[in-house]
Amino acid sequence: MDNSTLIGMVSIITAGVTMAIGGMIPALGQGKSIAAALNSLAQQPDANQTITRTLFVGLAMLESVAIYCFVIAMILIFANPFWNHFIA
Amino acid sequence: MDNSTLIGMVSIITAGVTMAIGGMIPALGQGKSIAAALNSLAQQPDANQTITRTLFVGLAMLESVAIYCFVIAMILIFANPFWNHFIA
Amino acid sequence: MDNSTLIGMVSIITAGVTMAIGGMIPALGQGKSIAAALNSLAQQPDANQTITRTLFVGLAMLESVAIYCFVIAMILIFANPFWNHFIA
Amino acid sequence: MDNSTLIGMVSIITAGVTMAIGGMIPALGQGKSIAAALNSLAQQPDANQTITRTLFVGLAMLESVAIYCFVIAMILIFANPFWNHFIA
Amino acid sequence: MDNSTLIGMVSIITAGVTMAIGGMIPALGQGKSIAAALNSLAQQPDANQTITRTLFVGLAMLESVAIYCFVIAMILIFANPFWNHFIA
Amino acid sequence: MDNSTLIGMVSIITAGVTMAIGGMIPALGQGKSIAAALNSLAQQPDANQTITRTLFVGLAMLESVAIYCFVIAMILIFANPFWNHFIA
Amino acid sequence: MDNSTLIGMVSIITAGVTMAIGGMIPALGQGKSIAAALNSLAQQPDANQTITRTLFVGLAMLESVAIYCFVIAMILIFANPFWNHFIA
Amino acid sequence: MDNSTLIGMVSIITAGVTMAIGGMIPALGQGKSIAAALNSLAQQPDANQTITRTLFVGLAMLESVAIYCFVIAMILIFANPFWNHFIA
Amino acid sequence: MDNSTLIGMVSIITAGVTMAIGGMIPALGQGKSIAAALNSLAQQPDANQTITRTLFVGLAMLESVAIYCFVIAMILIFANPFWNHFIA
Amino acid sequence: MDNSTLIGMVSIITAGVTMAIGGMIPALGQGKSIAAALNSLAQQPDANQTITRTLFVGLAMLESVAIYCFVIAMILIFANPFWNHFIA
Amino acid sequence: MDNSTLIGMVSIITAGVTMAIGGMIPALGQGKSIAAALNSLAQQPDANQTITRTLFVGLAMLESVAIYCFVIAMILIFANPFWNHFIA
Amino acid sequence: MDNSTLIGMVSIITAGVTMAIGGMIPALGQGKSIAAALNSLAQQPDANQTITRTLFVGLAMLESVAIYCFVIAMILIFANPFWNHFIA
Amino acid sequence: MDNSTLIGMVSIITAGVTMAIGGMIPALGQGKSIAAALNSLAQQPDANQTITRTLFVGLAMLESVAIYCFVIAMILIFANPFWNHFIA
Amino acid sequence: MDNSTLIGMVSIITAGVTMAIGGMIPALGQGKSIAAALNSLAQQPDANQTITRTLFVGLAMLESVAIYCFVIAMILIFANPFWNHFIA
């Protein structure tokens, strides 16, 4: 096990785990928000403009957390400064 | 255990675990959303256009998180830069 | 423990675990959706066309996550690039 | 511990665990669906045709996830390509 | 620890654990279904034919998951191909 | 630690754990069913024939899962083929 | 650590753990049943004959699971075939 | 670490753990039963004879599970056949 | 690490853990019972004699489980037969 | 690591853990009791004598479990028979 | 790792963990009590004297458990008899 | 494993884990807030100005916690003082 | 790993963990209290003086537990008697 | 692994974990508070001044716990007395 292997292994694992765990709760939050939106639509069909707009802003906000994780996973796979140091 | 074996093992495990765990919560969110949609339909059958449209946008959004994980799993199996480095 | 044994072991474990864990939550989501559909039918028998259609779209969507996991398990058992590399 | 022993051990464990864990949640989902169906029947006895039909489609769908796991367990015990490679 | 001992140990553990864990959730599902059936009977005594029939179909379905696990446990104890290979 | 000791230890542990864990959830299911039956009796005393009959069928069904586990525990203690192989 | 010590240790631990864990859920189930019985008595004092009878049948049934565990614990301490084999 | 030390250590740990864990859930069940009894008394003060009697039978039943665990703990400390074998 | 040290260490740990864990759930049960008693008093101030009496019997019963654990902890610290054997 | 160090370490850890864990649930129970008392006061201000008295008896009872743990922690730090044996 | 280092390490860890864990549940209980007090005030503003007084007694009681833990942490850091023994 | 490899590995893991775990609960909180906002809109469409404004302030506040974690992850990857020390 | 390194490491970890864990539940309690206060304000706007005052006393009380943990973390980093002993 | 590497590693991990875990529950509390505020606004739009003010005081209070953790993480990365000792 030389140094670059170790860095490689750790990068792979961290990339996968960060994406998998970091995407879990935003997805849960989105599920909750969509469910709440659907209930609200059933209850107050006339407010459907405001509800849809608020829902989309909220989903975008939640997606942003998942995207932070995706960004870190991508950095670790394709632009990893530690890996670059060792294979240099 | 030489280096490429280690990288190979770690890639396999991470690919599987990322897909398995990363797909869990989007699926849970989708289940919740569908359940909420069905309840809303039962309560307000007339709003069924808006409800169906909102549901499908939501499902697509959630599917996207599962797909990020699938993409990472596929990259790790078929386009893994660390693996390519070691077998080169 | 030579290299191909290790890769083989890891592939077997990952295939099984990915299927087992990755299939759990879609199944839970499907259970929830079916339960919600049945409640909705009891509450609003006249909307049964819309309810059934929405339910089936939802189940298909959820099944897709379980199928991603099944695909990865199958790739790991029968078309595993790492295994092919080592037994070559 | 030679190679075939290791592959054998891992196959046995994975087969059992995949079946045990993979069968858990479909069973939970089925339990939920049946319970919901029974409540719906009590509430709306006249819709019993639609309810029974929807329930059976749902149960079949859920059973399919358990069967994927059973298939993988059976492949690992009786048609395992890694095991065949080592005892060849 | 020679090879057959290892295979034997692993078979025993897996058989027990598969049965114990794999039987848990079907039992939970059955408990839920029976409880729901009893509540439904109290609420709608006249539908008792349909309720009883639906309950029994459901219990049979759930029992099947427990039986898959029992089958795998039995195969591992009395018809284990890996064990047969090593004691041959 | 010779081979028969290992097989013996593993058999003892597995027998105990299978019984302990495998008996947990059927007992939980039975508790739920009995509680539901008692509530139903309080709500609809006149249906007490049907309720009692359904309860007893359900308890028997749940007991069967606990008994599968008991059977496996007994086989492991008194009719264990692996143990017989090693002390032969 | 000779063989009989190991078998002895494992028997002690398993006996204790089987009793402790295996007695947990029956006790929980009994607690639930008793609580349900008390609520039912408060709600329908006139059905107290049927309620008491159903409760006692249920408690006996649950006690039986705890007793299976007690039996196994006792067998492991006082009639353990593996221990007898080694001290013979 | 000679044999009798090991047996002694294991006996101490198992005795404590069996009592601690095995007494947990009966206590929880008793707490639930007493709470239910108090609610029932508040709701139906006239049924207080039947309620008190049912409560005491139930508490005795639950205490019995805790006592099985206490018995096993006492056997392990003061009448342990394995310990007697080794110090003989 | 000679034998008496080991026995001493194990006794200390077990004494503490038995008391800590074994006292948890009785305390939880007592908390539940007291809360239920206070609610019942608010709902039915006239039944306060019966309620108080039932509460005190119940608290005593629960305290008994905590006291079993305290007894075992005290035995392990001040009257431990294994310790006495080794320092003799 | 000589014997007295080991005994010292174990005593410190056990004292801290016993207090920390053993004090948790009594505190939870007290929190529940106080919350219930406050709700009861809001609902039935006239019963405030009985409520306050019952609450204080209950808190004292719960405090007693925390105090058993405190006693054991103090014994382990300042009057530990095993420690005294080794430094003698 | 000489003896005083070990004792020092263990004291630090135990002090921190005892405070962190031991303070958790009293804080939870306080949160619950305050929430209940606020709800009670909203429901019965006239009883605000009694409510405030009961709340403060309760908070003090709960704080006492957190303070026991703080005392033990302080003893372990600044007046630790085992540490004094080793640096003497 | 030389020093810079170790620091590199630890930095990668910590960066990923901090982002993944630290982003979970803010996302959950945002999901809850959006759901509550949608329910409030359905209930009181006229207050939609205040609700939207409060929601956005809240989401920004929660996002800030996720951003603290992102900042630390970025510092660990691109401006890590420990790494700079070792590669200097 | 000499002694001061070990003490240093342990102090860092304990400081961080004590703050992180010890701050969790007070924060949860504060969240609960604020939520309860907001609900109470919505329900009884006239009692807003008493509610605000009670809330602030409660928050201060809860903050105190978090501050105990912060104090211990600070002592471990900047005024650690064990560290001073070893670097002296 | 020399001393400064160890201190470095431990500081990195602790900084990340403290921030990630320590920020979780304040975020959860904030989510709860915002949700409660939104519900209160929907229920009592006229009290919106008091509600907004109370909400902001509460959020600030909760943010303070997250900031304690951020401070400790920053101290560990940029002003760590142990690290300074070792690189001096």
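Note that the chains are named A, B, C, D, E, F, G, H, I, J, K, L, M and N in the order they appear, and that numbering of residues resets to 1 at the start of each chain.
Simple rule for what comes next: a contact is a pair of C-beta atoms (placed from the backbone, for glycine too) under 8 Å apart; a residue touches a chain by one contact, two chains touch by 3 or more.
As the structure is a computational prediction, the values presented were derived from the model and not from experiment.
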item: Between chain E and chain I, the fewest steps along chains that touch one another; value: 4
item: Same or different residue numbers at the chain E/chain F copy interface, by half rule; value: different
item: Centre-to-centre distance between chain I and chain D (centres being mean Cα positions), rounded to whole Å; value: 43
item: Rounded Å distance, chain A centre to chain D centre (Cα mean); value: 30
item: Centre-of-Cα separation between chain K and chain D, whole angstrom; value: 48
item: Sequence positions of chain I contacting 2 or more other chains; value: 1, 11, 13, 15, 17, 21, 24-26, 28, 30-32, 35-37, 39, 41, 43, 55, 66, 73
item: Traversal of the chain ring from chain J via chain K; value: J, K, M, N, L, A, B, C, D, E, F, G, H, I
item: Residue ranges of chain N touching chain L (in the complex, touch as defined); value: 1-2, 4-5, 8-9, 11-13, 15-17, 19-21, 23-28, 30-32, 34-39, 41-43, 45, 48, 52, 55, 59, 63, 66, 70, 73, 77-78, 83, 87
item: Chain N-touching residues of chain L, taken from the complex the two chains share; value: 1, 3, 6-7, 10-11, 13-15, 17-18, 21-22, 24-26, 28-33, 35-37, 39-41, 43-44, 46-47, 50-51, 54-55, 58, 61-62, 64-66, 68-69, 72-73, 75-76, 80-82, 85-86
